[in-house]
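There are structures below to look over.
Across the two complexes that follow, subunit A remains constant while its partner is subunit B and subsequently subunit C.
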Partner chain A sequence: MLNYVIRRILLMFPTLLGITALVFFVMAYSPGGIGGQALEADAGSDSAVAAKIREYYEKRYGIHKPKIVQFGRWLNQISPLGLEIKDDGSLGHFGFKAPSLGDSMEQNRPVMHLIRERLPLTLLLNLVSIPIVYILGVATGIQAAKKRGGMFDTVSNATQLAMWSVPTIWAGVMLIGLLASRQYLKLFPTSGLYEVEAAHMAFLPHMVNHVLVRGYLLDVIWHLILPVICLSYGSSAFLTKLTRGSMLENLGADYTRTARAKGLPENVILYRHVLRNSTLALITVAAGILPSMLGGSIVVEWIFGIPGMGQLGVHAVQFRDREVVLAVTLIGGFVSLASQVLRDILYALADPRVSYE
Partner chain B sequence: MENRFGVKDLVVFILIGIVITMVGLCMAQYDRQWELIRQANDKIDRQTADLARIQNLLARGVIAGPTSQPAAVSDAQSAGFERILKAESYPDYSTGDAVYDTFMAAPAKLTPLVSQEYTASQVQSFVLDTLMKRDPDTLKWVPSVAKSFTVSDDQLTIDFELRKGVVFADGSPLTADDVVFTMDFERNDSIEAIRARAYLDKLARVEKTGDYHVRFVFKEPYFMSFTIAAGTEILSRKFYSQFSPKEFNESTGLLFGSGPYRLSDPKNWHPMPGAPIELVRNERYWGVPPAIDRVVWKVIPNPSARVTAFRNGEIDSYDPTPEQYNGLCADNALVARTHHFAIEVPNAPYRYIAWNEKNNGEPTRFADKRVRQAMTMLLDRQTIVSDIVRGYGSVNTSCFSALTPQADPSIEPWPFDVARAQQMLTDAGYHLENGSLIGPDGKPFEFELNYNSSNSVLKQVAAYIKDSLGRAGINVNVKPGELSVLIDKMKARKFEVYLGGWSGVLESDPHQIFCTDAIAKTGDNFVSYSNPELDKLVDQARSTVKDELRNQIWHKVHRIIHEDQPYTFLYIEKSLNFVDGRFKNVMAVKTGVNPLQEWFVPLTDQKYK
Partner chain C sequence: MTELGTIAMEGPSDAHPATAQVALESKGFLRQTLATVGKRYTARLGLVWIAILAFCAVFAPFIANSMPIAMKWKNQWYFPLFRFLTPADVILQIVFWTGIIVYVYRPRSSLHLIVLVSVILLLSILAQMLIHPPGPQKYSEYLLASRSGKAQSVWTVPIRYSPEDHMDDLQQLRNSPPSVHHLLGITNGKADLLSNMIYASRIALSIGFISTGIAVVIGCTLGGLMGYYGGIIDLLGMRLAEIFNAIPTLLLLLCFVAVFEPNLYYMMAIIGLTSWVGYATFVRAEFLSLRDRDFVHAARAAGIPTWSILFRHMLPNGITPVLVSASFGVAGAILAESTLSFLGIGLTGEASWGGLLNEATGEGGNFYWWIALYPGLAIFLTVFAYNLIGEALRDALDPKLLKQ
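Then we have the complex of A and B:
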């Protein structure tokens, strides 16, 4: 097992190198090229001004250098072992150094700062919605499988199918239009994560001059409701289907019949034997959820004005912001590969028959 | 059985219970402190406001003590603040309340010079002052920090006299030292003031000629020199000299100035994704203070969420598209509680069709002036304005707005005249054969029309062009594309016709888009249009500092562009705005809706504390 894990971890480095190289070269050779929009921002202005700005970008970010050199410099920059980079951009001695993700060309700020600002938002949204997705999905799935063909199963089947089919972008706009508009029901805010007043509120709900002030905590929860609904309904429908399917498969298996024959109570069969065997499918799905948790949901973030990792990545691609695109790719790639290793380990834990030796 | 609930479990449960209770108590305790801080803050705010009122009254000379300085606001009454002073005289005038506006995307940083977004410059305009400012109604330069200026005869030197009594938000005086510091700071190579510095190339030096006198000396006469000198936002030497260039470059919120609003804590401001940006009134403002306490920008990227937020009253000001504007205007309840404006503004973006005269080095059909003129006359631009832009625009005749003195008012747009256009094409050697137009080379007249695929209005305009020219026997292949792909094509000068737009400015410089030396790859004369007479006139205008003289030359330039039609100018958009009705003294001025410093909310209508 340990052997296998070490091998997989070592394999991650060439894979990551391949992923980032692919992304870099596709971006570099796409129309506009690296930093395309930064250079176009001054179209129509004085040519002397445009030339000065171009010169600045070339000096600051080396975008005029051959593409392979640019990629090499980036690799050197993120590596803890390599050539030291001086303040003026020239290279120094070989040795250990602090790895860096570089500066965003568009925002002129360290990429690390951008990620530090946005990751918590994406994590908050996902940490709230993932438990909801799992609890709802697994519970409904078990119920539906338990009484297969019954009223609950039929109704939940139909609703899950509908939920799975409705695109998030449509649902989000409808939710805002119906539940956040004065024209219909004004129950929720239209966008953002908190009101500007929330910064001046105490944490818990409280009374000021006999008026209830919702406090910071409730304000954030109130803002999170619509985005979390949008984030969770589709995946929870998917998980329900998945749980129901694998539960039914195991319910029809020989060992279930044996358990019933020896007179075990139905609940023990269901939760101790069948559910445990059905988790393998859930583990497979969970491995895909982790990277998307960090990647963020582009659509939900855009509709509700929550600038998380998804928006950062998409915007950087539009802008051809070399450092940000590569950093997001690197992080995304790493988390995907790591969660695959994690999934393999979990397989072995959940099912003693699985062995990697 | 082994799963029975034992004493050990009980202890664990009790411990967890205690921890949860403690956390709850801590939060409650923290909230009590918060409440006390809030009360203290309220008290300080009230006292600061009282103090500011007293200072302002003193400054206006109501009770002038022997030691009080002659202050800036006393002469403010005559210049630059007329509309605010008029608002103050209304019986229901009151200070207080907040304005909520929106941004599509949050600015990455608010620090002046190193920020790049338009949104950041919008926030900065409330916090930083310039030497002179353009009156939004007359478009003339009016006093701001400087009360007067003189331009030397050789047009190289501009002297400014600053007002006395202008102070920054910390109360320190703004003097000639701060102006000199600002210009030196911008020109310091270690400051990443990339865009600002690029414009300062023609500035030789800035000198202090007295505590309240500064002189700008330019290397050569340049038409933008007054704008550069008068329009530079002045930074505080005391505040900004605390930071090293590296700290400044990396900072996100170092926005501090002498303007009517301020950032409450510039040193610690950093962008918080999802949080609004808030400015508070600068209680030490030297001019006539604005009535509104706070200006807040919410970030709402999604257009339908923005409309809903405006309908809900969550935001107070909204710039709709023509389609949304009509939709909102149809809602009587909404119209009753809002102000709405459709204003023709001089700095609005305009749309054009660019006829490439040299495709990949080979002259095209559009190299013939008569063909370009005929193309313009084959298009009913008034119909484009009334049907596609829903009437919220007007046909333009060049890159100069008809509302600025740059444009020659006697020039009328080319008419929609199919017969005359056809005659011109016949003169140029074209003839109709089986319904399609055949060129002098014997080949049918057809071309590819490129436009940015993400723009739905352009899509309709392109369809209209295809239809109109199709009637004259010209085959138009409409080809939408991604903007960066199109830019690459234009840079390589490998395209036939491009349908696009340029953003508008108060004084347009046609050099980069129409002069011969901008045909080279770095310029934006991607249609390869060349007219030596135009080149000469543009150069002449660019080196003329005096407005009247320069405008006379621009009029000649305007006539040539109109005659040559390197572009078919389609239309210039109107500025569409909705503003919540509780604001009073909201009106249309030349540049759009008047600045919010001039608005107020009567006490009974105020919404935010």
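Then we have the complex of A and C:
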């Protein structure tokens, strides 16, 4: 098992290399090239300024060098073992050094700082959504499978297929428009993750002069409701369908008949026998749900104005901010590869028949 | 489609001796599946919606157009609508009517099909070369004459607004909600929403079909090669698939789109290029199990060239799971296009449902419910329709469900 895990982790490196290379060369061979947008925005039509900025970029990011060399430089920069990079951009001697994600071209700040600011917001959004997705999806799936063809099953089947087809962009725009905009019900905030004044509030809700103050926690929850709905309805519909399908398969299996013949109570059959065997199918998709939710949070963050990783990525791509795009790709790729490895480990843990030896 | 059906008949998957004896002509596996799908009413609903969309896409200029079909003006008849048809409109008409002819006459041999396809291609190239419409004109003389009532008799199409009519002269309010004149309201740019949506159905349908087609072709080719040869090709192919699989699709799409000028053809190619992985893995798995079957050995012994073994003998036997996921893939491609247009990095200058949806929230946080509701509903219904068809296809192909 340990051997297998180590092999899988080692296999992640060539894949990550491929991912970053793909994104890097797509950007590098684009018309305008890396940093082209930045040049245009900063310099405008002033050719003297443009030349200065170009010189700066050449020194700092090496964009005049051949593309393969540029990619090599970037790889050297993120690896903890390699050539030392001096302040003026020249290379020093070989050895251990601090890995760095480089500086953002647009914001002139280390990419690491940007990510440290943005990542918690995206993680918060996803960490709140994932349990909701699982609890809702699995519970509805079990209920639907209990009485196949019954009222609940029919209704949940129809709604899950419809929900799965509702585009997130439409759901987001309609929810904001009807529930949050000034013209209609002004129930929710339209953007952001907290109000400005929430920073000064206490954490928990409390009373000040007989007026309820929300507190930081309630404020964040209040802001999170709509984005979380948008992020979770599609995946939970998918999970409902999957749970139902695999529960039905196991309910028709021979061991279920044996359990019934032994006279086991229905609940024990359902939750201790059938559900446990159905979790295998749930584990297989768990690996797919996490990356797809990270992708979905790009759209959700855009609609709800949450300054998370998704927004950072979209903006960086538009600006062709090389270092930021590569960093976001690296993190996104790592998360989805890691969740695949995790899936395979969980698979072996859940099912003793699975062995990787 | 007929060709695929006959090819599938040769394979071992078409094993229904009983039905073959009863009917003089046995049905292909594919045709049987399609017949089963056609019986489901949910799939039928989906097909009906796609048919409506296809009708809107083909006949868009004859449904919504500010130019009259025919008008009598100064004692002379004019036909402005036909003068203003673009090459794309004419090509769509050619393809549509040849499609009808093919459907009615059902050519038996593939030669007929080749002739038909080349006629379509030739006519399309001619249309592209010969037709030079004057382009959209806000204040064309025909439009002014017909609207001011100077013309003696005017025959118009049902919806009298083109998508690029910005109606500055009609003193319409911007963003006015649905009314008798504008059934679905007016967009931010003072254009008729319904007319915009009818023309946008072209983009949705073509992106869905063509980009999925590209993805299926890439996926089948790579997957087939990987499954058939195995070894180093398989290893490299699977790493490539893993790479494409591990990047969040939307981010990859964003990279490609932000970097290349987004026009319709690039968009199709890009969405196709980023979504082939699923098909490749399906076809690979099928080919791994097929490559040691007797009919493949027989084909190899008979000296049939490898491409023929791969794509004429093995592929028809392994294509069925691809069909199911292609149906979902079309839905995914439409979603991807509308999401990109919504984010403002999609097509520019052409009406698309996602782009229209983006206009729903105007400056100052105003919300125009009709601009959000109708284009979003159109995306939803189209995606829903393809998902329904995909579900029906999957159920029709599922041997476990067939037994019950």
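Note that the second predicted complex is superposed on the first by the 346 of 357 C-alpha atoms of A that agree within 3 Å, B and C clash if a C-alpha of one lies under 4 Å from a C-alpha of the other, contacts with A are read in each partner's own complex, and residues count from 1 in each chain.
Simple rule for what comes next: a contact is a pair of C-beta atoms (placed from the backbone, for glycine too) under 8 Å apart; a residue touches a chain by one contact, two chains touch by 3 or more.
The structure presented is a predicted model; accordingly, all values stated were derived computationally and were not measured.
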- Message: So in the superposed three-chain picture, is A:L22 touching just subunit B, just subunit C, both, or none of them (first/second/both/neither)?
- Response: second
Touching partner for A:L179 - first (subunit B), second (subunit C), both, neither: neither
What is the contact status of A:I53 with respect to subunit B (first) and subunit C (second): first, second, both, or neither? first
_I'd like to know which partner A:P189 touches here: subunit B for first, subunit C for second, both or neither._
first
Item to complete: Using the superposition on chain A described above, determine whether A:L121 touches subunit B (first), subunit C (second), both, or neither.
Response: first
Chosen between subunit B and subunit C, the partner touching more subunit A residues is B
Requested in this report: Would you sort A:L75 into first (subunit B), second (subunit C), both or neither based on which partner it touches?
Outcome: neither
What is the contact status of A:V314 with respect to subunit B (first) and subunit C (second): first, second, both, or neither? second
Item checked: Contacts of A:I306 with subunit B and subunit C, given as first, second, both or neither -> first
| request: May I ask you to decide whether A:A286 touches subunit B, subunit C, both, or neither, giving the answer as first, second, both or neither? | output: neither
Note: overlapping subunit A surface for subunit B and subunit C spans 30-31, 173, 176-177, 181-183, 190, 302, 320
Listed in rising order, the residues of subunit A that touch subunit C in the complex are 14-16, 18-19, 22-23, 26-27, 30-31, 161-162, 164-170, 173-174, 176-178, 181-184, 190, 291, 294-295, 298-299, 302, 313-314, 317-318, 320, 325, 328-329, 332-333, 336-337, 340
Residue set of subunit C touching subunit A in the complex reads 239-240, 242-252, 254-256, 258-261, 331, 335, 338-339, 342-343, 345, 354, 357, 360-361, 365-367, 369, 372-373, 376-377, 379-380, 383-384, 387-388, 391
Listed in rising order, the residues of subunit B that touch subunit A in the complex are 27-28, 30-31, 34-35, 38, 105-106, 108-109, 114, 116, 192, 194-195, 197-199, 201, 249-250, 252, 270-276, 278, 296, 298-302, 304-305, 308-309, 311-314, 482, 484-485, 487-488, 502-503, 509, 511-513, 517-518, 522-524
Subunit A contacts subunit B in the complex at 30-32, 36-37, 40-54, 56, 60, 104, 106-110, 117-118, 121, 172-173, 176-177, 180-183, 186, 189-196, 199-200, 202-204, 206, 208, 215, 302-308, 311, 315, 320
